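Order of writing sets the chain letters: A, B, C and D. Residues in each chain are counted from 1.
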Amino acid sequence: MNISIIGATGYAGAELLRLLYTHPRANIIHLTSESSTGKKISAIYPYLRERCDLTLTSLDNIEQIAKDSDFIFICLPHGHAMKVGQLLESKNIRIIDLGADYRFNDISTYEQWYKVKHLHTAASRVYGLAELHREEIKSARIIGNAGCYTTASILALAPLVKNHLIDAKSIIIDAASGVSGAGRSAKQANLLPELYDSFKAYAVANHRHTPEIEQELSILNGENIILNFTPHLVPMARGILSTCYANISPAVDDKTINEAFAKMYGQEFFIRLLGEGGYPTTKNVRGSNICEIGWHIDRRTNRVIVISAIDNLVKGAAGQAVQNFNIACGFDEKTGLDFIPVYP
Amino acid sequence: MNISIIGATGYAGAELLRLLYTHPRANIIHLTSESSTGKKISAIYPYLRERCDLTLTSLDNIEQIAKDSDFIFICLPHGHAMKVGQLLESKNIRIIDLGADYRFNDISTYEQWYKVKHLHTAASRVYGLAELHREEIKSARIIGNAGCYTTASILALAPLVKNHLIDAKSIIIDAASGVSGAGRSAKQANLLPELYDSFKAYAVANHRHTPEIEQELSILNGENIILNFTPHLVPMARGILSTCYANISPAVDDKTINEAFAKMYGQEFFIRLLGEGGYPTTKNVRGSNICEIGWHIDRRTNRVIVISAIDNLVKGAAGQAVQNFNIACGFDEKTGLDFIPVYP
Amino acid sequence: MNISIIGATGYAGAELLRLLYTHPRANIIHLTSESSTGKKISAIYPYLRERCDLTLTSLDNIEQIAKDSDFIFICLPHGHAMKVGQLLESKNIRIIDLGADYRFNDISTYEQWYKVKHLHTAASRVYGLAELHREEIKSARIIGNAGCYTTASILALAPLVKNHLIDAKSIIIDAASGVSGAGRSAKQANLLPELYDSFKAYAVANHRHTPEIEQELSILNGENIILNFTPHLVPMARGILSTCYANISPAVDDKTINEAFAKMYGQEFFIRLLGEGGYPTTKNVRGSNICEIGWHIDRRTNRVIVISAIDNLVKGAAGQAVQNFNIACGFDEKTGLDFIPVYP
Amino acid sequence: MNISIIGATGYAGAELLRLLYTHPRANIIHLTSESSTGKKISAIYPYLRERCDLTLTSLDNIEQIAKDSDFIFICLPHGHAMKVGQLLESKNIRIIDLGADYRFNDISTYEQWYKVKHLHTAASRVYGLAELHREEIKSARIIGNAGCYTTASILALAPLVKNHLIDAKSIIIDAASGVSGAGRSAKQANLLPELYDSFKAYAVANHRHTPEIEQELSILNGENIILNFTPHLVPMARGILSTCYANISPAVDDKTINEAFAKMYGQEFFIRLLGEGGYPTTKNVRGSNICEIGWHIDRRTNRVIVISAIDNLVKGAAGQAVQNFNIACGFDEKTGLDFIPVYP
């Protein structure tokens, strides 16, 4: 497959390059960057020298890019991807957007949380979380790749919500991310001395991944779920951990909970169930497309605490995109993604 | 005041030495360590050379230590402090225990969570959290210095619980700590390569700080509070952040919440209220005795999210002990504790 | 003493505020910042709230600042401090400049390395490294506070160079610094994800601290010293370690080397000699004004390796400035600086 | 090829498992551990669950292991590997030892630095650094895989030493490593709180990698080289940077230096030449088998400064072993090793 990446100079784009370099079925054709057009990608990321030295082109080239590519990965900020989607509307080309523009079923939810008018309501699109939407991903023209916090959080709660084992009104998600999630643009707040030996929350009660989690959990549950989501910033580079709380519905026993996870994820290659009492750890999935899930049942309080860990740049971004790409192309889903986490 | 430290070689003991070195009213007389008896403290912690070179003695010396000291700080693991307390029962000496042995009003709660028989139910003792028990600290003979997670969590929730502004059954505390909280003993799990670039939860639903938080919040509220507390390990050295969730009681408005914090803490020198919308950050209190508190009111879910930050070794251990010492001695409460956090 | 800080919003300025807050003889009167005029310093550094809430003024106010102050600390980039020095030329006010503008005896050296025309060759000035120039600091009107790498490097080598124990042509200094040394301005290269789990050299053979080290060592030695200095960036916030190499002059024995250090530094409060075989460690001096020095004599190669450690923001900047301030004012040199490092 | 790993539970063994998992020509048959015999490797390293769940056996099984394996990787501490070598003396099996036992041509040098009697002077063995000994690696029965610091240091200096461009008596190597180089055994000194925000040297003038570097550089140069090597510990998990200094021989110009590197490494897949003025960075090679090399020529001092960066666990250990394995087996040298570094 010939693929191109629109917006290749952010961390998600760079991670895509890492994964696609060893993917046996992908040929990287074009990379674009509006701010660095004409430079080599290896001038932006020197670790790519002698491995990937493609010259960055501009979106102005979109006709040629479309002509040369079977698949396009878009790694642009929200609001920009949909413009590319519009331009490609009439082309026979499939798209995976790693941003938020194609994730929402209800455009008004998108517009309300992202404060931007939506311009492109593509007909054939799907929420790009393979474990939930594998069938639709096979044929959708546009895949709205699931977000990082959302992937960890939805996967953690899906079996419980789908099987009505928890009180849907009681969900609280407390999550933490490495700083690569904040992107590569120069900000004083993200300088190493500012964040080193420090921990803090941000975007409490208004983070944009909230409605995305709510959308998917509501679909699974059948009724409208509203929840709390609180992200934190960890002084590390990669990784997301979601710690999710919910009240257990009356009469639900441990066995039922354990079976719900086993049934939903038992055959999933990228989900590693640690079981009841298990402790997912971001280092255990670092560099890989794996999502670890463990849960704890507290009968003192009648709550279940589900914990999940992913690498925010892999299962939370580029790895998920490659997984979706594999499904969309009919490849074995783990093609190019079957490797061991980088530890220590 | 002549003071001695029993168990001076752990991180809490070392932090006490740092704080007492510049305290104008404390003379450090004896330091003990059973594992390093006869060595200088500066052989254990080389950064103390030429500043504090006292030789470590043994608890076998307790008669002499008691004779020479007005105040004794105990930094021993739980189960050991109470034995020292017993030995000093008949002495005219005051004690601050930085461990758990003297924190519980109900001994059976202690025995149930700590799996050890309690040996010394001292009559004159108090839970050593100055903002809640200042008056009793003035005269108590034994002060059971509040724990690290507990200090952050109780201070965050106290105004809401005391004023019945939240549903007492709905409390969830999600907290994270630097690794100094795990102590200085050699454990593979705490090696730098194991924890670096990693984040995880531990002791879910069974951490021993849970009943301590419940005790103090129950007293404030008047009814028995049971809650969830989940600690996480952050790849950093110092700092604790508690993110606390609770359902807001019907009809409670923002103003009432804001006023509850202002009223309870407006005059507290060591509590820095960041107000509604504030984001406490562990780096902003590093090395200091300050507790930062901010809160967020989410009307979508009718929950309040209160966040607090402390330095686990200062307000969470040694600084709190010095604050209690100041109160107990009738000194200005901020004596030796009025300095600026170490940033960056 | 009434003091003011010109350029208070960088890390060095902020560290001065931390140290002066507990200094018994300094009253902070004015703080300036051209980029944040009118804001409170605690809006720039929230950890200062309720401790230091002064409003930042502009250099336009220099007349008033001069009138109100006995001492002025300048924390501006090189090239800017000398303009302030000019403005204050006729005032009866003493100055400590934490930058490079007043460090060089030979202006042409400054101009060559800093690529800027020097504008203010003040008559009464001194290189502000107390251990070498204590007497002149007492009376100089302008003190050119020694740089961070330079302080560590000069102090490591001074006894050997002064006593002609090493081949002056053979000196190589390999040093490493925490990222706070790179300042607080927003640069992509200093984002946490870029530096975390990474180590690199920079400015090889052209770092501007080179001529400063050469100047002071040449004075001590009596002949012109040219050397190699290589800085590295460590993924941490604070600290500098200098590892210095030199060939031992023929016939110099270990005892002579050891005595040279003991004689020069035996009475220095802020120098902690670890002796032959000692290993200075940045964490052992973190937050303090201490410089640790240890050395190793290798008879296989006939080289001496001297290692020194400082906190770049304290003995390498603000602490050194306060030490110089104390000397200049006739205070005990350790006033406000006698505290224990922050560990762990 | 059927391969087995003796001593699989250290970091080097675990990294071998990561690399061999995706190697198309290696089947992992046996893993041994004397301390964890009978456990699954995934119980020791939970990130291996569902990917590599082999049960650890004991060296007592060596007959069976030898029978089942074509190639054996030994990851034991020095002094132990040679005992395994002895046991396998008569077997038709090839060995790569990742420790020091088979690295020295002169056994007395080994015995002097390692303080242990050498027991097995195998006839057919080679120093396992492919860029220097590729031809011998093809046929040697035992490959003494080059050490981590040594690989970085030798590769940096080889072109200069081989071509007599520097004064062989003037070499100084100042290097720094992440903490994974210190192994996985529980030591107080390597706890995260002890090393975080800290930097220090260790083993000055006596590190055991010194004679290994000297051996290889002496062979290249033709005369006996003695040098200084100083390791430092960086608060990070992975990576080694070597900064090497040497006096340039009279009359050597820049072009000659540049050409020496180009000629020696121009065709090397795993060496990335950054050229004169280049800055190798450990993050740029993290997780990969690449060695970055850059150099700086200082005409003020007539010295060359060569800098090299590797991942200590890959090109410094397991990756190098796989590279040697590929050569020994006649596979393409980059088989299973051609991937992009993990960044950020």
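Throughout what follows, contacts are C-beta pairs under 8 Å (C-beta built on N, C-alpha and C of every residue); 3 or more make two chains touch, one makes a residue touch a chain.
Protein names from UniProt, one per chain: A, B, C, D = N-acetyl-gamma-glutamyl-phosphate reductase.
Everything numeric in this text was worked out from a predicted model, so none of it was measured.
> Between A-C, A-D or A-B, which repeats the contact pattern of B-C in over half of its pairs?
From the options A-C, A-D or A-B, the copy of B-C is A-D.
> Of the chain pairs C-D and A-D, which one is connected by the greater count of C-beta contacts?
Pair with the higher count of C-beta contacts: C-D.
> Please name the chain that ends up farthest from subunit B once chain centres are defined by their CA atoms averaged.
D
> How big is the gap, in whole Å, between where the Cα atoms of subunit B centre and where those of subunit D centre?
Whole-Å distance between the two chain centres: 46.
> If you average the CA atoms of subunit C and of subunit D, how far apart do the two points sit, in angstrom?
38
> Averaged over CA atoms, how far is the centre of subunit A from the centre of subunit D? Could you give it in whole Å?
Taking the mean C-alpha position of each chain, the two centres sit 36 Å apart.
> If you look at subunit C, which of its residues touch at least two other chains?
If we look for residues of subunit C contacting two or more partner chains, we find 11, 178, 180, 193-197, 235-238, 281, 283, 344.
> Subunit A touches which residues of subunit C in the complex?
Residues of subunit C touching subunit A: 11, 178-180, 182, 184-188, 190-197, 235-238.
> With touch defined as at the start, can you tell me which subunit C residues reach subunit B in the complex?
These residues of subunit C touch subunit B: 11, 14, 17-18, 21-22, 45-52, 180, 196-197, 237-238, 272, 281, 283-285, 287, 338-344.
> Which bits of subunit C are touching subunit D when the two form their complex?
Subunit C residues touching subunit D: 172, 174, 176, 178, 193-202, 204-205, 226-228, 230, 232, 234-239, 241, 243, 245, 279-283, 286, 296-298, 300-301, 303, 305, 307, 309, 344.
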